[in-house]
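So the structure is just underneath, and the comments pick up after that.
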């Protein structure tokens, strides 16, 4: 009786220790997972997911602090890919984070109305707006991700979203 | 030679069980990368199967045997699986082999039947440590290969025009059945 | 000795002799010429004339609309009748903005200052001059020649490859061109060698065009230019594909995603070389080309020297009209050509051949059966792809797998279609899937670029922040010292 | 696929010469079942009948399966085998072009595993030195339909093991190779009768190769691997293992190499993959024949390698033009 008890208790303890050891992701694994998630995100850097950019969102996903349906620019395809990668249940994008765009859009500055305040330049997460203080600004369409972050700061509302050139 | 073939035969039984689980690794998902998942599990098996089998064999010979506790063999081997798999998983994660699953029980869940089965067979069949080693390594290789083969086959079948009623699990079971049929060819390979 | 270093390919019945029996003759002039502004690769040209303007033959009527674009010259004297959308063959009959020229049949020539002998120009000046001739690749890709030369020029050990291997069935315009204008080809080769600052030139032709070989051989000998040599290649379709030909002649493969320039080669069509010669030597810009009119559906199968903008209907009429067996109209060869919905479309710079096909020429495909993975297609594929696997993934629209199996490397030669026992239109399916895959690749490239820029900006902001903090701390320390 | 059927004609003809008209009845039964099942499956799946029914693939499956069965096997054997092949192995997986396992071999394996005794009741060849109980066409038909031999004969009087089977039994009884070979069933390099049938199969296969309907990779790799295995083992112990020529000319080696393993749907698809696939079949065939529980291993070997095909395909993508190695 005693040997049996000892054996099983010993084995169970060892299993418990192993389970505790394996319960945390080692850093390297964590970083690779973040990279892998980041690769699936559209890199719009719009922050609509409530995080400061795509990589912060990826980190939150890897930590289990965010859901897979928070990326409107990525649309349902991205949500499905994230669900598949993370082994979670796929869900459509949550409309609370924004509507899924039907076509790629880029920002466009009405250069006649622009007063050269540089506020949009500071807001652009990918440095896609060029210009200087008191000079007209313009959006480099090829580099614009369509995040719309430049629209709220504009004091004269001269920025509009237009379909991306092909 | 003979023991290797024996191992192949033995692993068939357990593998069929594992394979029936395969579609469930990524529940509810259009399985975009079943093969990628299977590759990770195959690597895990390559490492865990020999470890579990040998530890189990030693445990039975050195602890359970002398104390006449053979009736505890199955629960003891389950415990060995529960010890080894998380540690192997940890080692893989340290190496950076991508495991997207959250750490915890997922991998144990999907591999325990196979590991336990192979450990039991090793324990029953191997008389010496050398034989146990050979059996364990052979079983690990066979299991890993079969997993990969079945995952690749599963991915191919995803795109086939399969009658709706037979999609996913039914077809996986039929396939596993035909596989078992194919491996019947190895039956009586070793007359003991 | 004819060589082929290419894997796969097909020996096809070339059907060329039917159109090469008659000698080349100019097409009969027509009343109205339609010149689409986007008939070359790259940005559309921008008109320099207004409706009603009087123009002369060879006068530039549209200028390049971008970095990669081409000049357009009037093929006849007359007036600009309109600038309006007209059905265009390169758009499968959809309208393209075109300059319509009303021919006054006076054939008055536009006099431009004739350029100095090309040897006196620097390679760069010469390339610019070639660009002003409106010259684009006449093999079918219509890429502006000046842009191509500029991207390739200056590489060390650069070789010029003139492609006279007209491997596609039915087309014989290059064959006829090499027979009749071999001197132009050789002169063009010398001009191009100078423009590229290249040292060697290979003119590659197929071993089933002996008269072209003879005539070119004589022209090469006459030119006494040791840099130029003639090479025969086995007539296996698609031996004349740019990449395939480079591999056959030089034994190197153009890397994936690369250009011939990456293996120090500039590859141009022989017709382009002849057009360059006519422009540089005779100051005649590209206003016409040789077109093969063939197929069982037209009465007189032959090659014609056709002014650009001539309606195809007029060309068919010029060749005696349709026969009763005519069933389909195709621009290009029987393997890669495009079916056209009607013949009310102009000849453009890309029009090498018009096939009025009967059911004998192009047998209608049988009903499509499932792929049985026989592998005939992969044996025939010159790009060493596995079309049977690509097809499987194309049906499943699995873009990731299509990328792995190299859909981007498909040259759409149609060999797989031709050999498929299940009558699967493979090349068409691959063509349909390519845009989606390219979109995916572009999206990924854009995302990568955005990520890099975002990371750079984040790093910059952090640096500025830490510098500001450091400055603040320093100031505080100084203040603390003072007090 | 019609040519594949033509290429089987010599094999079938010699089979009839040596083993009587049973095979023809089996083929008729099998083809009828195959077409019936195919039509039913197509109807159920809502596919058009004519192009699929007439493409010949179902007929080939039936003929190959019939060729593997003893000529006097009862009718329900071939019918159930073919039905399994067409319904389960083919249409369940998506029909023509999608079946990962060779349907004929699935049908055969099912029968072999379920009714091993029936499948071993082969006939003695009709050659000088062996006096088989020659059954007339009518008697053959009656035997197949009723499942019992004509009243004047017993099963034991009619049947005889195949050379592979006989050899296995003899070796198990402790006879050496030489002694086993001296028995009446064997000719110089194979079983009597079987040598000629296999020669006909080789001719048919060669014709298919010449027509480029099949490619050389799979047959050469399979027969080569079988040859190498048999050579090595019989060189090691000539008394216990049969030589390479015997292996190549007995059982379904040649039929398998040219007609079964080359089924493109279930085979590997790149040339390198085909070599691996063929070699795998050769090795497994030898292993199962020599050490396994069944007299012939081709069917199992083919099925096992079928399973490996998607994996092989995945790792044998040829280098695309312009890509770095």
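Should a chain be cited, it is by its letter among A, B, C and D, assigned in written order, with residues numbered from 1 in that chain.
We take it that a contact is a pair of C-beta atoms (placed from the backbone, for glycine too) under 8 Å apart; a residue touches a chain by one contact, two chains touch by 3 or more.
Since this is a predicted model, take the numbers as computed values, not measurements.
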Shortest walk length in steps over touching chains, chain A through to chain C: 1
Result of counting contacting C-beta pairs for C-D and B-D, higher pair: B-D
Chain closest to the middle, measuring from C-alpha centroids that were averaged per chain: C
Length of the line joining the C-alpha centres of chain B and chain D, rounded to whole Å: 32
Gap in Å, rounded to a whole number, between the CA centres of chain D and chain A: 58
Distance between chain centroids, defined by C-alpha means - chain C, chain D (Å): 53
Computed distance of Cα centres, chain B from chain A, in Å: 37
For chain D, residues contacting two or more additional chains: 95, 98, 313
Residue list for chain B, restricted to those that touch at least two other chains: 32, 156
Touching two or more other chains - residue numbers and ranges from chain C: none
Pairwise touch network: line, ring, star, complete, or other: other
Chain-chain contacts as defined at top: A-B, A-C, B-C, B-D, C-D
Interfacial residue positions of chain C with respect to chain B in the complex: 392-393, 395-396, 398, 400
Residues on chain C engaged by chain A in the complex (per definition of touch): 443, 446-451, 453-458
Chain C-touching residues of chain B, taken from the complex the two chains share: 32, 156, 158-159
Chain A-facing residues of chain B, complex: 25-33, 63-64, 67, 69, 72, 75-76, 79-80, 82-87, 89-90, 93-96, 98-106
Complex contacts: residues of chain B adjacent to chain D: 2, 5, 35, 145, 148-150, 152-153, 155-157, 160-163, 166, 171, 174-175, 178-179, 181-190
